[in-house]
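Take a look at these structures.
Shared chain: chain A. Partners: chain B in the first complex, chain C in the second.
== the complex of A and B ==
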């Protein structure tokens, strides 16, 4: 945590020196948002409901999509791309001789602070939708949403981590991550609108569904307990799996697996 | 060789075999290789044994691919030894226990651990957080290093705006903030100009004396080794060819000496005394087999009008080059019979 805060401060100082980046990023986020809303408006000009989702429910989903996407862009993607480069360039050695957990260290070594605007926008969207939906607040629902969001974040992180760790064997895995990025785009729509096979793939192979649809469902009070349970199970399982693969990868890297 | 229980590094029959995948091209083949890999074994380090005591500066010499980096990496806990015993600071290094890692540091020439885009001072803060260095001690160390390495004008600039030498100074400072007891320096002066090399050497020596730190250094530059190292390990083809002092290395491996004479008789053939390397009026430089040095000197003095005469060891580079050129042959040919490859490498001197 201490290390995280220092990293955050250091990165913030760096980004503040390049303030124009902030405006570029803000513009990018806003135009991205505008297109998303335009898409929604287009769909809902034909129908009042999409796969059981009303327009503001779907707006909340877009909010979750932005928030999780922002988290990926803020820390997961830059750190893990750096990590893959470290493997190629041999600078991973430096992380490995530090007296802190190396997986944690590489997972937060690089940040793009301005990507947090996406998280803020997402939060704003969620708040706006909730207001429009006149949702009755209950701690249970807030708790469910927080849990689902945490699960989603862990699942996305673990998935990235597993992909990135493959770099121990394959050296170049950036392409795999590009595929993930485009698949993540699918998460802006409820998982239910996709045909069965794709739904299965987006749930279990590339677990985008848990990252966006499930939290949005929890938020709008439509998450069944078993879905939340499954998401939590998935999160724990993937986290453990990521750790196991990391350990195997390190053993491979140091030549202990032979 | 005495077995010292106070040794900071204790290695016996240390061996590293790399299992290198033989891979076909293409993503499909790469994926298949995840499950079924064709491999071949490469013997990088072959049963080497040595002890290093606290406060020593030890140089690892060897051509590229000789196994010296592999050895250093095993000692630093980055590589898992295939066989043999290894204890560093009393720990098995490959387990990378926190108490072990807190006491070591790693500097690799041409590779940066500080963050490229931000000033070194901020990277130092990060090191402070990682090592949980008390604020007072941190301030004191930074102040000391800043003075010793002239970092004051560099610390606030982004790393990428610095020259290679300036960056290396920052790297070294960053690697020493937690006051490690054991330093692994892999080619720390790589690519630096001569002044900067000297600067860094002086600093390493200072740090070694000030903190009684142990330094393990690998370098291509003989000057580094000559200036710094009390002791040298020569590794070649994964075997330890020599372990001892620099003078001893020259003693054992150089089969020639150089005799330089100033004479009043510049004419005449001198090749009957030895191989003439250099000659300009009145000055001659001769290469003479080591064992005949005394005899030749005597003859020169008796037969020629000599003004001045000096006998010198050949430059270290030359000696080391000769060792490497000999390859598997082990110690100098006139010392010992060739050892069969695969048996233990030279246990070194005494």
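== the complex of A and C ==
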């Protein structure tokens, strides 16, 4: 946590030097938001529910989509892209010699602060939908949502981490990750609408379902306990797997100075 | 005299296409990724709208799930043919001064972009066509093409490409006046997504949006050839569509010339 705060401060200072980027990012986020909302408005002008989701439930899903997407863009993607570059150039040594856990360090070494706009926007959307849905508050539901969101974030992070670690063996992994980004777009909609084969792929091969649909279901009080359990199991398993592959990969790595 | 001019252009384009081919074969992975995005988007909307149709008891706005499948698969292919990306790269050319090299050539830089675009289109057909067939097998679209529709669709797609390429090339020139064009591009893209019919067939939109779509160029860039090919249009609509395409092509050319003449004068690069 202290490492995170230090890195956050450094990155913040850096980004504050380029404040006009904030407006570019804000415009970009607003365009995305307009796109999502107009799309929803169009779909729901023809139907009252989509696969069992009412319009505000789906808006909450879009909120989760923005929040997790923002998290990826804020820290996961820039850090791990830096990490992959370091492997290629042999500059990973600088991270390895620091007195903190190297995996932790490379996972948060680079941040795009303005991407937090998307996280805030997502949180706003979630709050707005909850208000519109007149949800009865219960700690159980808040807890379920928090757990599902945490699982989703861990799963997405671990997936990226595993892919990025493959850079120890393969040269052009960035491309694989861009594929994830385009598939993540599919998570804008509930996973249940996709035909079976696609749903399987979006759940197990590229775990988009756990990142968006599952937290949104928990939020709207429709998460089955077994799904939450599976998500937690998957999160833990992927995290362990990412660590194992990281360790094997490090042994494989020989730096520029070694 | 005339013959030698033609030979000149043929020689020029042959050289450009060969160069483009060599470049693109080097960056295969990057191109597959671009393609993937062009495929995922229509599949997502296909699924969303099919779900809506089923929830409404089989159809919405005259579209059954099979009709949606046909619409979005054809849309994917037409969109692929008319797609252009100048406005994504032009800002960088201006900002970094790379445009200077292109200005030194005796021909307008739009020609080299055109050659590059066409080469890409034909190269990626290798992926696009099998994808179209695969999606056809997966989603059972209701295709009924008549020979007449197919014949008319060919010039419609070509004109749609012309409108899109020239219009977007002209739009890209805004980069001469501002270097913060990224955010503008996002907005342009959102408008394009909706008004070209990529998110949904335009007949599903509220009336005022449909009216707007007839006036603006975006419908003529993709939706028109798609609807034409699928037999959604009557004779009058087809003629009106071709007229609109021709008009927008002409207008875009004028816009391009006008912006180019003013933009190039503003442009100054280090060492240029």
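Structure notes:
The rule we apply is simple: the second predicted complex is superposed on the first by the 253 of 258 C-alpha atoms of A that agree within 3 Å, B and C clash if a C-alpha of one lies under 4 Å from a C-alpha of the other, contacts with A are read in each partner's own complex, and residues count from 1 in each chain.
Simple rule for what comes next: a residue touches a chain if its C-beta (ideal position, glycine included) is under 8 Å from a C-beta of that chain, and two chains touch if they have at least 3 such contacts.
Predicted model only: the values in this text are computed from it and were never measured.
In the superposition on chain A, contact of A:14 is made with chain B only, not with chain C. In the superposed model, A:180 makes contact with neither chain B nor chain C. Of the two partner chains placed by the overlay, only chain C lies in contact with A:193; chain B stays clear of it.
Within the superposed three-chain model, A:6 lies in touch with chain B and out of touch with chain C [touch as defined at top]. With both structures placed on the common chain, the touch criterion links A:65 to neither chain B nor chain C. In the superposition on chain A, contact of A:91 is made with chain B only, not with chain C.
In the superposed model, A:160 lies in contact with neither chain B nor chain C. Taken together, the two structures place no residue of chain A in contact with chain B in one case and with chain C in the other. Considering their complex, residues 16-19, 30, 33-34, 39, 73, 76-80, 82, 94, 96, 98-99, 101-102, 104-106, 108, 111-113, 115, 117-118, 122-123, 125-126, 128-132 of chain B touch chain A. Residues of chain A that touch chain B in their complex: 2-3, 5-7, 9-11, 13-14, 89-91, 93-94, 96-100, 105, 169-170, 251, 254-256, 258.
Interface residues of chain A facing chain C in the complex, by the touch rule stated above, are 20, 23-24, 27-28, 31-32, 34-35, 38-39, 42-43, 45-47, 49-51, 172, 175, 178-179, 182-183, 185-186, 188-189, 193-195, 197-198. Across the complex, chain A is touched by residues 29-30, 32-33, 36-37, 40-41, 43-44, 47-49, 51-52, 55-56, 60-61, 138-139, 180, 182-183, 186-187, 189-190, 193-194, 199-200, 204-206 of chain C.
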